[in-house]
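In this document, chain identifiers A, B and C correspond to the written order of the chains, with residue numbering beginning at 1 in each.
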Amino acid sequence: MTLRHFLSTQDWSRADLDALLDQAAAFKRSKAGRQLEGKSIALLFFNPSMRTRTSFELGAFQLGGHAVVLAPGKDAWPIEFDVGSVMDGETEEHVAEVARVLSRYVDLIAVRAFPKFQDWSIDRQDRVIHAFAKYATVPVINMETITHPCQELAHIQALQERFGRDLHGKKYVLTWTYHPRPLNTAVANSALQIATRYGMDVTLLCPTPEYVLDSRYMDFARANVAENGGSLTISHDPQSAYRGAHVVYAKSWGALPYFGRWADEKPIRDAHKHFIVDEAKMALTDHGVFSHCLPLRRNVKATDAVMDSPACIAIDEAENRLHVQKAVMAALVS
Amino acid sequence: MTLRHFLSTQDWSRADLDALLDQAAAFKRSKAGRQLEGKSIALLFFNPSMRTRTSFELGAFQLGGHAVVLAPGKDAWPIEFDVGSVMDGETEEHVAEVARVLSRYVDLIAVRAFPKFQDWSIDRQDRVIHAFAKYATVPVINMETITHPCQELAHIQALQERFGRDLHGKKYVLTWTYHPRPLNTAVANSALQIATRYGMDVTLLCPTPEYVLDSRYMDFARANVAENGGSLTISHDPQSAYRGAHVVYAKSWGALPYFGRWADEKPIRDAHKHFIVDEAKMALTDHGVFSHCLPLRRNVKATDAVMDSPACIAIDEAENRLHVQKAVMAALVS
Amino acid sequence: MTLRHFLSTQDWSRADLDALLDQAAAFKRSKAGRQLEGKSIALLFFNPSMRTRTSFELGAFQLGGHAVVLAPGKDAWPIEFDVGSVMDGETEEHVAEVARVLSRYVDLIAVRAFPKFQDWSIDRQDRVIHAFAKYATVPVINMETITHPCQELAHIQALQERFGRDLHGKKYVLTWTYHPRPLNTAVANSALQIATRYGMDVTLLCPTPEYVLDSRYMDFARANVAENGGSLTISHDPQSAYRGAHVVYAKSWGALPYFGRWADEKPIRDAHKHFIVDEAKMALTDHGVFSHCLPLRRNVKATDAVMDSPACIAIDEAENRLHVQKAVMAALVS
């Protein structure tokens, strides 16, 4: 049997994803389970985390298992990812050994590894998690690299809780928002993937054509539309994009052509602070809900009024991280 | 039913505190319990910890639960506490979201957040923990902010183990001691509160009137004396303060009028190194016991001879942290 | 009954060590146990860790217990180890208090504390762990200081899995390898101890006589040979040392005479990069196996070809850390 990882929702069938969401809903009704009884998961954080760490650690506990949290380069040894390199620099051990040894200890390995933001042609290879998937002999889970599949499931669960199981015909706006620094495109890539996967009419709203996402994810989205119905539109005009929307999902990200020369991107970014999600824009929607993966800078990405309104489902989505990740862990060890 | 937090012992009745101490004594006799079966607590450390972290983490485990340890700004995102602020600085998310999301994951939230030592008028608002208490939908526990209520209970338990349940008539000295840096007044505030709450004759011994504690805690102490008997005296003379004492509790703290201009306080502090707890002073007591919340700098705050004497109950008090905190957690989730 | 620690395999009889290895083999066949039911261990890391942390934490979990991970000076208070010192410097509390308090909370204390690399005459006293053993009232486990006894057991278990229980007559080469920095001699000391303890014919292969290990460990090795058979040889010639070997165990370490003046050692170190374990040298062995404690810098300490060959048992040895440590913990609390 082939080793099954959870690296991207695109690798999983709709039936598989639906089964995960059903199990997540069951865990939301009743949190305890024995699916990880005596089992364990290593959580490798190359970047900070609050929700991901807490929800995975508690999810393992609630299913009878145990999570070991490791921060390579901080409390654990720095890791080499290049194949064949003469390791006379800063790294102390190769991912081959890390993945193989952890596979002897634990039943699952989860990895958070953000891009380096210097060269997108390198970052888009997503080498860290693929290296773990290559060398590990246990399933590997993506806790956010250049996509964030656990967030995708939590997001869809939150939408289904509001709109019912079938999301076809819902107008979905993925909007870029301002943040003082250029951020990871992971959640934006993920939103594009999963919203088209579930057949919604998706608008990617961003400041300029340079903020359109990587062709890999645009192509996934188009293929998803072809398979599942719905549509995909690119817009640079907030007013028309918000009009009639049922879902507004916000995320800030850095424009891909500016990787490694972010000073040049800053003026464009700074000129689009008005992309903030506010009450005026939300008023254009069709009683639309608002969400964000969190952390969110209030009054920069979205206003207090939006965050504190009944339309905001970001806390529900964050809660669902716990439930969907328990479903993923349970599925991978079964 | 109103959400019940454990922010200060002053919010809890004497009957409630006595019930916690009874439960703590029961846990000391038999450590295992199922009061947190399948439940969880988030431990948020904005400052370092050894005893607090270990005792809460083990306490949760011994009651069937699980503690998640988070260090915001280190392994988790930095948090904003101001209401309405435009978050374009260093903080990545607002306490409103942190508290709300954690409340979906865990059954209890515990917070350690020391003062900033720049402006006492701000620090005395104790904003971090009050923000968590405001936004959380689960009980919040104070793991030391500008008071340290868990330490208070552990301290009283240790005194009751030596002197019996009724502490009336015991002469209690809270003495300032030297430390090279100005420290938090939290444990001093707490000692003043709890010693008067349990009806002891309390002397606050400190170098000068400027080291007297904040009026809020002096007022609490006076109100406690009015309600519970005992007395409150301020002294700047070690010899008379120690004479006949049954309890000597030491703590170093910075003088409130010097917040933010500590260089000016240093000469006063340095001139009072002789406040160290030593055998000569302890010999003035009536077979008095000595304690301290730990960590303690030996031969600076107290001598080796005192620390290693049978009179020292600091280790017992530290042990009791485990028992009282289990009692607090059990009470809050029941 | 005397308190029993696990500080060095030299303190334990061969029968005791064999019993630990039997229990480790049993745990390898069946991982679950209740030997630590409701019990706990504090893991104190003064230095980074991946395998040690993960294997101890999971080992405690698999036996029904719980491990608390502490990093003094990082997430916990910095600790003083000198007796009688006036603590007016950086340290906030004395090991006397840390060890006594932890002993009230947990059933076992494990310590990782590497040398400071400034003065071997100080480092060789191994003061940190001995201070914990002095003040603790629960058993103390060495997670690597200037020896690494848990690694020793894992190593022997891996060798017995390949060669059977009796290792007499096996030719064992402990070879120095290059690393850009001078490293701890702990694993080298340990390899010397345990290989002679199990009666093998041991060759210590190192660049020059200055890389010979501390006399304490050389003396232990000679005493072990006298008691258990086998032999001990020092060599500076890779070709003759490898010839006919059954086991090649590699480790890099700093030469003891150069402690505190490492710039002077660098040219010698740099001149011996050819000590790398490669296929040509392994071809000289008698179908020898290769191992290393990890982390290992590929193509610096050993080549990719050796690491990825069937002769490499480093991953097995790393896995065995879990099993032997569970055996040690179970033995110490029973």
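Heads up, the rule we're going with is that contacts are C-beta pairs under 8 Å (C-beta built on N, C-alpha and C of every residue); 3 or more make two chains touch, one makes a residue touch a chain.
Everything numeric here is computed off the predicted structure, so don't read it as measured data.
Asks: Looking only at which chains touch which, which shape fits best: line, ring, star, complete or other?
Replies: Contact pattern: complete, every chain touching every other.
Asks: Between chain C and chain A, is it the same set of residue numbers doing the touching on each side, over half shared, or a different set?
Replies: Shared-number fraction below one half, so different.
Asks: Determine the centre-to-centre distance between chain A and chain C, using the mean Cα coordinates as centres, and give it in whole Å.
Replies: 40
Asks: Which residues of chain A are in contact with two or more other chains?
Replies: none
Asks: Could you please specify the touching residues of chain A with respect to chain C in the complex?
Replies: 38, 40, 42, 66, 68, 70, 72, 74-77, 80, 84-88, 91-94, 96-98, 100-102, 104-106
Asks: Where on chain C does chain A make contact in their complex?
Replies: 31-32, 45, 48-51, 53-55, 57-58, 61-62, 71, 180, 294-300, 304, 307-308, 314-315, 318-319, 322
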